[in-house]
Amino acid sequence: MAKLTMAEALNLALHQEMASDDSVVVLGEDVGVDGGVFRITEGIYQAFGEQRAMDTPLAESAIIGIAIGMAINGLRPVPEIQFSGFSYLALTQLESHAARMRWRSRGRFTVPLVVRMPYGGGVHALEHHSESKEVFFSHIPGLKCVIPSSPRNARALLVSAIRDPDPVVFMEPKALYRAFREEVPEEEETLPLGKSRRVREGKDITLISYGAMLHRTLEAAEQLAKEDGIEADVIDLLTLSPLDDQLFSDSVRNTGRAIIVHEAQRSFGAAGEIIARLVEHAFFYLEAPIERVTGYDITMPYFAREHEYLPDIPRILAAARRALST
Amino acid sequence: MPRHPIEPLYRVEYLSILGSDGQLDAELEPTLDDDTLKRFYRTMLLARRFDEFQLKLQRQGRLGTFAPSSGQEASQLGAVAPLRKEDWVVPSFRELAAYLWRGTKLDQILLYFDGYNEGAEPGEDTRDLPTAIPVGTQIPHAVGLSYAARYRGRDEVAMVFFGDGATSEGDFHEGLNFAGVFNTPTIFVCQNNQWAISMPREHQTHSKTLAQKALAYGIPGIQVDGNDVLAVYAAAKEAVERARSGEGPTLLECITYRLAAHTTADDPKRYRSKEEEEAWKQCDPLRRFRRYLEDKGLLDDSTVETMEQEIEQELKQAWQRAEKRMAELTDPTVIFDHQFAEMPPYLQEQRDAFVALHTGKKESKDG
Amino acid sequence: MAKLTMAEALNLALHQEMASDDSVVVLGEDVGVDGGVFRITEGIYQAFGEQRAMDTPLAESAIIGIAIGMAINGLRPVPEIQFSGFSYLALTQLESHAARMRWRSRGRFTVPLVVRMPYGGGVHALEHHSESKEVFFSHIPGLKCVIPSSPRNARALLVSAIRDPDPVVFMEPKALYRAFREEVPEEEETLPLGKSRRVREGKDITLISYGAMLHRTLEAAEQLAKEDGIEADVIDLLTLSPLDDQLFSDSVRNTGRAIIVHEAQRSFGAAGEIIARLVEHAFFYLEAPIERVTGYDITMPYFAREHEYLPDIPRILAAARRALST
Amino acid sequence: MPRHPIEPLYRVEYLSILGSDGQLDAELEPTLDDDTLKRFYRTMLLARRFDEFQLKLQRQGRLGTFAPSSGQEASQLGAVAPLRKEDWVVPSFRELAAYLWRGTKLDQILLYFDGYNEGAEPGEDTRDLPTAIPVGTQIPHAVGLSYAARYRGRDEVAMVFFGDGATSEGDFHEGLNFAGVFNTPTIFVCQNNQWAISMPREHQTHSKTLAQKALAYGIPGIQVDGNDVLAVYAAAKEAVERARSGEGPTLLECITYRLAAHTTADDPKRYRSKEEEEAWKQCDPLRRFRRYLEDKGLLDDSTVETMEQEIEQELKQAWQRAEKRMAELTDPTVIFDHQFAEMPPYLQEQRDAFVALHTGKKESKDG
C-alpha cells in the first residue's frame, strides 16, 4: 500500500474509475492540460484524451448544465467547480435539474453526476476561496452531499459517488489535500454514502465533525483524555446528506453530551440539523446543552485572520468542558 | 490598416418560403411527400384545438395554469419534423406541437396541467425531456446530450427550444458558447413570439435580431419566418444535417407570435394592443399552410371537416382517459417516490409517519 | 383604516416609499407596465415612470447585479424576483457581493437593497413556483431575511426593509397575497427587522412559525384550546435572519415544550436553527423533544398533491399532543 | 428576397496606432500633453516594478497569492486615463495599473495581498470598487452604477474590467444586454490576455473576436491593440465620450498578454510554450511606449534611470509602511466589523465569547 495525500488519493480514484468505465469523464476549468489547479485531475488528460478530460470555458452554470445532459445520455460526468465559493453560479442547475430529473421524469431520466469542489479555509487563499456552504446542497432533496476527511476515505467515497446512480456534491476539504499521508490500497475500495463512522471511542462525550475540522476535533479529544481523563466518542459524518443520524444518536444516548464542530457559519449551518436530530432521537439522554463550535456568523475574514474565524482546539476544549461540567 | 472593420465568421440570414399572402418561393420549397404534408397540418390543427380545449377546461376550473401555444405551431412542428426518433428534444414549457409530433399522449399533458407528477413521465423510449420551467436553464442540457452522443460515436443530435426572453439569461449564453467551442451537434431553436410575458421583444435586447447572437459564438445563425412551416422545416433540416454530419451547432430564430395569453394567469390586455394581435392573426401559420395544401389538392373543406371531427373525438377521449386516471391516482405516498434510486432511512421514517397519519385520518373518517 | 389584502398592503408600502424618497426604484420582470405578475407593483409605473419602474430583460443575476450597482451609487432599489424558485440564479450576486460589499469596503460602499420575492406553496402553481428556500439566504452573513405573515405587518416590514441600510431578502408568502384582509393604516407604520412577535399567549406549549404556515399554526392553537384545554404560546418569527431568539427562548423557558412549523423541507431547514438556539438558551427548561412539522425531505410535489407535502393542522396537532403527553 | 443576409446594427473594428515595431499612425495619434504622456509611462513602469517587487515578496513568503499584471499595463492605463475622478471603475483582480493611476496607495495593495481586509478599503472619495474575484460577476455592477448616475442627472460613466475568460460567464452576457437595453453610460473593457489560467483564448469561445460579441447586444464593439497605450486611450476616450453624451455603452477588447503566471500559485509551463511567451515579450507595451516618448524627446536613459530609482524607493517605503501597519493591526475583533450597519444580538454574543476566549488565551499566556 502506498502512502498518499488526499490529492493523490482522489487522483487515483479518478484514474481507476476512468480506466474501468468509459462512461466516466471529467470536465471543468483547467482540469485537462493543466491537471486542475489542485492537481486532482493530474494526468487524466494525458491518459484519457480531451474527449474525457474536457477543459471548459469559464462558466460554472454551463459546466453543470452540460454535465446533466451528458449524464442523462448515459455518461457519468465528474465536473469540477474550481472552488466551492463559485458553485452558487450552478445552484440552479443543481437544484432545479440535477436533483429533480429522476423525480420529474418518474425514474426515466437519471443524473449520475459527481460535482467535485474544494471547500473550506486554512490555506491562506484570497476572498471566496475558503467558503463552506455545504448547507446549500444538503438542504436540497435529491442531492447527496459527501465530505471526506482523509486520503483513504476520500478515495473510497469518490469511487462510491461516481458509481452512485444519483447526483452527488463531493466537497473536498482543501486544507487536507496535502496535509498528511495515509496508506491507500491500490485495489478497489468503496465506502457507502450516507454512513458516518466512529473514529474514536469514548463514553463521556460525543464530538461530531467532518472535513478538515475533524482533525482538530480528534486532537481536542486526545487532549481531553490526557488532561481531563475524559474519553470522547468522535464521529466523522462523511456524508452530510442523506445524514446518518443513527450512529451519532446512539453515541449520545450513551454519553449524554455532544459538541458539534464545523467551519461553516453557525446560523442555519449543519450543526442545527444535527442538534434537531439529536433532540428527536436522544432527547431523554441529554445531560447538557449541545454546543456548536463553528465559524462565526461573519464573512470569512481575509487570510491573515482566518484562524480567528475557524474553530480551533481551545474553542472545542472549552465547549466540551462546559458540557462536561453540566 | 490601423483602423479597419472585422468580418465575423458567418453572416446571419433571413429565410421565408411560403409568405403570409400564400406566395410560394418554389425554388426553396422543400420536397415533402403528400402524406407528411397532411400529417404536418393535422398535427398543427390538433395542437391548436387542444390549446382551445385546455383553455375551456381551465376556465371551468378543471385544469391548472398552462401556457398556450396557439400561433407557434409552425415553429414547433417545422423544427422537430426533420428529427429522428433517437434524436433528443429539450423543450421549455410551450412546445405542444413538438410534443404531439413526437408522440406524447394527450392525457399525459392533461395530467401534467392538472398537477399530477405522473403527467411529466416521458413515454417509453422517448427522448424528449420533460418540461423545463426555469427560463433558459434547459439550454446547456442539449449541449451535454449531444456531446455524449458524439462521444459514443452515435449520430444523434439534440434540439432545444426556448423563447425570445430566454436569450437574456446567462444559461443561453453559456450553453451556446459551449456548443461553439465543442462543436456539438445541437440545434438551438428560439421561438421569438415577440413577448416574454409583458416584455416586448425590442426591450428584451437591443440587438436587431436574435439570430445574430450566433455571431458571438462563432456559429451560424438564421432568422426564419416562424409562421411558415416550410421555411422552418427547411432551415431546421439544414441545421440538423449539418449537426449530424459533424459540422456543429446552429441557432435558429423563428419569428412568430404568441396569439394567446402568456399563461392562463396572464392578461395581455394590460400590455399589448388588440391591433397588434389582429395584425398577427393575419399571419396565422395554419391558414397559410392550409391554403398551400389546398392549392396542392391535398386538402379541401370536407377533408378538413373530417379532421376537425376526429380531433374533437380525440380530445374528448383524452380528457376521459385523464379523468379516469386521475380518479385512480389516489395513493398519496407517491410523493415520496423517485427522490433517489434508494430511499434514505430518514426519508423512510418520514414516509412511515405520513402513512400512519393518513391511516389515522382514514380510520377516523371511516370510523 | 382600509382593509387591505397583503398584495394591496405591499403595493401601498411601495407607493408611499417611492413618493417620499426618490432614491427608491423598483425593477424586475414585468414589474412595470404589467404591474407585476401578482400586481404588487400595480400603478407604480404609471405613477413614477419607467426610470423608477424598470421592466428588465429576463435575467435574474443581472437584476440583482444591477441593483447592487444602483445601491452603491446612492439608490434604494427594490428588485423583484418573479418567484423565489428562480432566485438561485442570483445567489452569487447576493452571497458574493450584496452581502459582502459593506464588509469588503470596510463600510465605504453599502448596498441598501430589498429583494422581494413571492415564495411558498398553496396556490396550485406549476413546478418551481412553490419553493421555500429561505435557508439559502438566512445562512449568509450580511444578508437579512424577512418573512411577513399579514397585510399589516407586510406593509410595515417592507417599509422598514426599504429604509434599512443593508440588503434584505423579503420573502412574501404568496398564499397570503389575497387570503384575507386586515386593517392597514394609511399613515406610515414600520416594524423593526430582527424582531419576532407573540401572536397568541399561552403557558402550555410554544408554537413557532412564520409566513403562510403561521395561520395553520394559529388555527391548531385554537383547536388545542378548544379540544384539549391547552393554551399555546404562538410566536411569529417575521425575521429569519438575524434571528430573534429571545422571545421564543423566553416562551419555551416558560412552557417547556415547543413545536416548529414551516413549509420548507425539514433537513437543514430553519427549524434546525431554532432548535439549536433553544438548546443553547432554554435547555434546562425543556420537558419534551422539540418536534418539527415541516415539508418532507422531498421535492415539492406538483399541485394536485402539494397539500400532502405542506404541514397541516392535523400534523401540528399530532406533534403538539405528542409533546404535551411527554 | 426570401433568403437574404441581415446586416447587424454595428460593424466591429480593429484599432492600432503605435505598432509593436514603433511605427506610428500619425493621423490617429491622440493629442496628449507631455506631462500626461510622461505620467502614463511612469505609472506603467511603477506597475511593472511593483509586480516584480510583489513577486519577490511572495517568493520570500512575505506576501500571499496575487495576480500579476505585467504585460497588461497599456490596456489598463489607457482605458482609465480618459476618466474623471467622479467616474466609476469596477475592477476584477488584475488591474494594478488602473488602480495606481486612480490613486490607490501601494501599501493598501500590499495589505490586501497579505490577507488583511483593511487592504481592500477604498481611499476616501475614490470611486473604484474593491477587487471582485468571482469572474464576470462585477460586470452588472457597472451597469447599475451608471444607471443610477444618469437617473440622478449626473454625467458620470462607469468602466468595468474583465478578462477573456469572463466573456464566457452568464453575468457578462446579462450585464451587456442590460446596458444595451437601458443604453447606460458603461464602458466594458475586456483585457484579452490570451489566457484564462490554462485555457487559451481560442478554446474559450469559437468567435473570431471578443469584440464582435457586442453585436449580440446591439452595441458598438471595438478590438484594440492592448499593448498600444495610445490606441487603448483613443478607443476608451471615444467610448467614454459617447457614454457621457448619452450615446450608450461600448465593448472594448484589448488584445494583450499576461506575461507572468496567472497567479503566484500557477505554473504556466504546464500549458504554454516559452516561444509564445518570448514572442509576446517583443510586444511589451512599455518598450514600445518608451521608444515613442524617446522619439518625442520626452524620455532618455537618464530620466528613465531617475524614475527607476524613485520607484525603487517608493516600493521600499510602501513595504515599510505596510509592515508597520500590519504590526499595528493586532486587534482580532475586527473580524466582526462591518457585517451590518448595526450588529445583531446573536453576533454580539459571539463577539463577546470571542473576546472572552482571547482574553483567556492572553491571560494564560501572560500568567
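For the reader, a short list of remarks on this structure follows.
All chains are identified by letter, namely A, B, C and D, in their written order; residue positions are counted from 1 within each chain.
By our rule, a contact is a pair of C-beta atoms (placed from the backbone, for glycine too) under 8 Å apart; a residue touches a chain by one contact, two chains touch by 3 or more.
Everything quoted here is computed from the prediction, not taken from an experiment.
Centroid distances from subunit C, each centroid being the mean of CA atoms, peak for D. Set side by side, B-C and C-D show the greater C-beta contact count at C-D. Here the spacing of subunit B and subunit D, counted between their Cα centres, is 44 Å.
For this pair, subunit B with subunit C, the centres built from the Cα atoms lie 35 Å apart. Rounded to whole angstrom, the centroid-to-centroid distance between subunit C and subunit D, based on C-alpha atoms, equals 39 Å. Centroids built from CA atoms put subunit C at 30 Å from subunit A. Contact of a single residue of subunit C with at least two other chains is seen at positions 57, 59, 61-62, 85-86, 89, 92, 96, 103-104, 127-128, 141-142, 242-243, 267, 297-299. Those residues of subunit D in touch with two or more other chains are numbered 117, 120, 134, 168-171, 173-174, 177, 181, 203-205, 339, 346-347. Taken together, the subunit A residues at the contact with subunit B in this complex read 25, 51-52, 54, 56-57, 59, 61-62, 64-75, 77, 92-93, 96-97, 102-110, 141-142, 144, 164-166, 194, 242-246. Subunit D contributes residues 1-6, 8-9, 11-17, 25, 28, 168-174, 177, 180-181, 183, 203-209, 211-213, 215-219, 223, 231 to its touches with subunit B in the complex. Partner subunit A is touched in their complex by these residues of subunit B: 88, 90, 117-118, 120-122, 129-130, 132, 134, 137-149, 151-152, 158, 170-171, 173-175, 177-178, 181-182, 337-341, 344-347.
Per the touch definition, subunit C reaches subunit A in the complex via residues 85-86, 88-89, 91-92, 95-96, 99-100, 103-104, 127-128, 133, 135-136, 138-142, 241-243, 264-265, 267-273, 275-276, 279-280, 283-284, 286, 288-292, 297-299. Taken together, the subunit D residues at the contact with subunit A in this complex read 64-65, 93, 112, 114-117, 119-120, 131, 133-136, 165-166, 168-170, 196-199, 203-205, 265-266, 270-271, 326, 329, 332, 334-336, 339, 346-347, 350-351, 354, 357, 360-361.
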